[in-house]
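After this come two complexes, each holding chain A, first together with chain B and then together with chain C.
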Partner chain A sequence: MANMAVSRIKREFKEVMRSEEIVQCSIKIELINDSWTELRGEIAGPPDTPYEGGKFILEIKVPETYPFNPPKVRFITKIWHPNISSVTGAICLDILKDNWAAAMTLRTVLLSLQALLAAAEPDDPQDAVVAYQYKDKYPLFLMTAKHWTNVYAGGPHKFTECDLKIQRLKDMGIDEHDARAVLSKENWDLEKATESLFS
Partner chain B sequence: MSTSATLAPTIGAGGGVPAAEMSNIMSNLSADDSPTAVSRAQTGMPVNTAICRYFQRGLCRFGDMCRFSHDLNGGDVIHISGNEGDAIKPSTSSKSNARSEYLNSRPSTSRQNWINAPIFVPKSHRSKYPIEEVSDAYACEGAAGLGPINAEIQKSWADVVGGDNVAQRMNTVEGADAEAMLAMICPFEGPCPYGAFCAYGIHMELCKMCDQFCLHPSDQTQRRKHNQECLQQHEQAMEWSFAIARSKDKTCGICFDTIMEKAGREKRFGILPNCNHIFCLECIRKWRQAKQFEHKITRSCPECRVSSDFVCPSAFWVETKEEKDKLLSDYRLALGVKDCKYFKKGDGKCPFGNKCFYKHALPNGELVDVGCPKRARKLHRGSNDFIDLLDIYLWEFVEQRDYHWLDFLSGTSDDSDDSDFSED
Partner chain C sequence: MGNCLKINNSDDISLLQGGEISNTQDFAPDQNDPAPIYSELLQPIFFPSPSVRRPVSHLTEEEQVKIAKRIGLIQHLPIGTYDGSKKSRECVICMIDFCVDEAVRYLPCMHIYHVHCIDDWLMRSLTCPSCMEPVDAALLTSYETT
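Here is the complex of A and B:
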């Protein structure tokens, strides 16, 4: 790995460690291997959003050409968000793609992701289904997002109604996550979900 | 014989050489083929370009007759005074004008003067001959002996080399005269250990500002000039240290390194004209040359996204607008001195026309206005946006070629970087 990338990541690591956000527990970063190429980030769901109270884990891969190319970032924690794939965790954020700037750091990337959670851009979606729900059935979107935050990120809001429906599908031999994904997609319509699972 | 006398080497000049030794040298020289000597003197250039080893050490007994080069700078030939009489003649009041002119025409610190002194006098010569003997030598050789002979020699030179060269030769003699005055200055830094017995007539006084012995005891113009220079140097040093102070803890926004702590050529700032964010030259150049992003992204500052047309290299950080404006205009000026590699002094065609930063001049030095550049437009990503390719490529052209602008300014130009130019 290129020298500059390593030395910069080391510095950024320290920067994140010293930052205010770490004191407030809103972002966190840790090493995965000794080569400084892979890191694990963690961001707290921002307040007044369906993600509040959740902790979202991110996979950060630093390219050799860093900081002239953006780090590759993806959500490991499952999340229901128009700009994040509910399947792969891939993120649609301009600064991680063609709007990257060499002066950006891991800290600014993590803060940008936090901001993305607070302000979704349904018109530039990564997950079309989620974006559709966000635009068309916002209350349902809120519930789904809170439910996912609760299940995957340790959020506080529990939805027994959702859990019951998932249990019904699980009884039919469906994997829990698949059941949740299908139900979320079908706006928690059990009938439609079953239909799409078995058709 | 007379010809070789003019060209007689200047061994021991200023310090005085016994007449016997002088004549010995002269007779040695007279054995030389004198037509050759004349032709050499005519051209004023030694035949061999290798630098004379003796001259390098400060003393070559052959002077202008030497078959090796006495040209240490590779530029103008350093003329060794061929006139024994002039060289050792004590200063007279009529010569003082020439001397002060000469002194004023060059930096006045004694150290430099000493190095540039036309005649090197080894210590042994001076200590060997006490002052009385030296003055004897002056009397017989300088004033009485060689003076008139020189005049005669001038005539014979005129016969040989023609009008132009006579004038030239006369000038050289005058120059040598002034240099001889210079030779009267005692080369010792500090109080001369020989005191009153010193063979040199002039002992420079201590300048309190630069702590060097370089103030002429009587020449007021020289003293004023030196004081001015000292003050100027002091101001420059102050500016320099301020520049270092404001630059030393600046870190690059891309590599995060402290720029002044980087090694060698990487220790340079890349100044963006339209914003005040700090980058090292290497990093900002690399960013701006990145091909994976749109030009709009890479042309803009990585911190604030304000677009700048080019990056200006700088050894120091510029804080104020005045400093920055001066830097940028200096940069443009420095580029404007160099010939455009596309224009090729009229043989080629520069795609940037009169927008080009470089000089468009014909071989005779005449500047040419090549007019507006041709617009090269390209349909941008299928949309209807046209981007002006010219702007983009012009700035790239400048940046890749002038990696070494700073070296160029500081006079240690390194041509290896010219290969940057061929990248595109």
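Here is the complex of A and C:
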């Protein structure tokens, strides 16, 4: 890997380690390989959002041309958010694409992602289904996002109603995550979810 | 134009050479056996837009014009030497501290960077990496009076 990319990542790694946010346990970063090309980030769900109390793991891949091109980042932890794919974890955020600037760092990327969790942009969606629910059925969106945060990121809110419906689909031989995904998509309408699974 | 900063006497053509090619003989037309793949590898790479990467021979005419204009603009940005008194101590692109007497390029917003760092960036995007100010717009307004 190009020298500048490695030396920058090393410096940025130290910057994150010394940052205020690490003291507050709000962001974290760790190394995946010795060549400094792959890192794992972690962000805490921001307060007063459905993601509060959850820890979200991120895959960070540093391109050889870093910092002239942005790092490639996606969510490993499954998350229900209009700008993040509920299937792949791909993120729609301008600074990770055309609005990247060489002065941005791993720390600012992690903080921007935290800000994205606090302020979704449903008009520029990555996941159309989630964005539609956000705009059209906001209370259901909140419940779904909290439920996903509980199941995948260790969040505090349990929804017995959701669990019961998922169990019903599991009893029909459906994988738990597939059941959750289809119910979330069908606004927790068990009948519609069953229909979409078996038609 | 009153410019108290150091001016290069000869044209700086390092940008045209992609910055990485040291041996220009590789492009000599009289060379007999340039394996096509080998010469492809030696071609300078350009970035018509930040995420588009193309060897020089694959650029469209429009992109060539765009890049030529960009090189022209970059060469109009003054180069100075770091005197140690500036507020910014580190080049935010490579995150390495400036050394006294090191060559730095000034953008219209007065942010400074190592010449090779900022030139690499400007060849992809004509904005200041620190404040996002479009370099071309700022430069053009400063010329409009002439």
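The definition used in the following text is that the second predicted complex is superposed on the first by the 199 of 199 C-alpha atoms of A that agree within 3 Å, B and C clash if a C-alpha of one lies under 4 Å from a C-alpha of the other, contacts with A are read in each partner's own complex, and residues count from 1 in each chain.
We adopt the following convention: a contact is a pair of C-beta atoms (placed from the backbone, for glycine too) under 8 Å apart; a residue touches a chain by one contact, two chains touch by 3 or more.
Nothing here was measured: the structure is a model prediction, and the numbers come from that model.
*Asks:* Put the two structures on top of each other at chain A: do chain B and chain C fit, or clash?
*Replies:* Chain B/chain C on chain A - steric clash.
*Asks:* Looking at the overlay, does A:177 come into contact with chain B only (first), chain C only (second), both, or neither?
*Replies:* neither
*Asks:* Is A:102 touching anything from chain B or chain C once the two structures are fitted on A? First, second, both or neither.
*Replies:* After superposing on A, A:102 lies in contact with both chain B and chain C.
*Asks:* Please work out whether A:158 is in contact with chain B alone, chain C alone, both, or neither, and reply first, second, both or neither.
*Replies:* The answer is neither, since A:158 touches no partner chain.
*Asks:* Just to be sure I follow: which residues of chain A are touched by chain B in one complex and then by chain C in the other one?
*Replies:* 4, 7-8, 11-12, 67-69, 98, 100-104
*Asks:* In the complex of these two chains, what residues of chain A are touching chain C?
*Replies:* 4, 7-8, 11-12, 67-69, 97-98, 100-104
*Asks:* Chain A touches which residues of chain B in the complex?
*Replies:* Result: residues 253-257, 277, 283, 286-287, 290, 292-294, 297, 300-303, 305 of chain B touch chain A.
*Asks:* Mind pulling up the chain C residues that touch chain A in the complex?
*Replies:* Of all residues in chain C, those touching chain A are 49-51, 92-96, 117, 120-121, 124-125, 127, 129-130, 132.
*Asks:* Inside the complex, what are the residues of chain A that reach chain B?
*Replies:* Residues 4, 7-8, 11-12, 67-69, 98-104 of chain A touch chain B in their complex.
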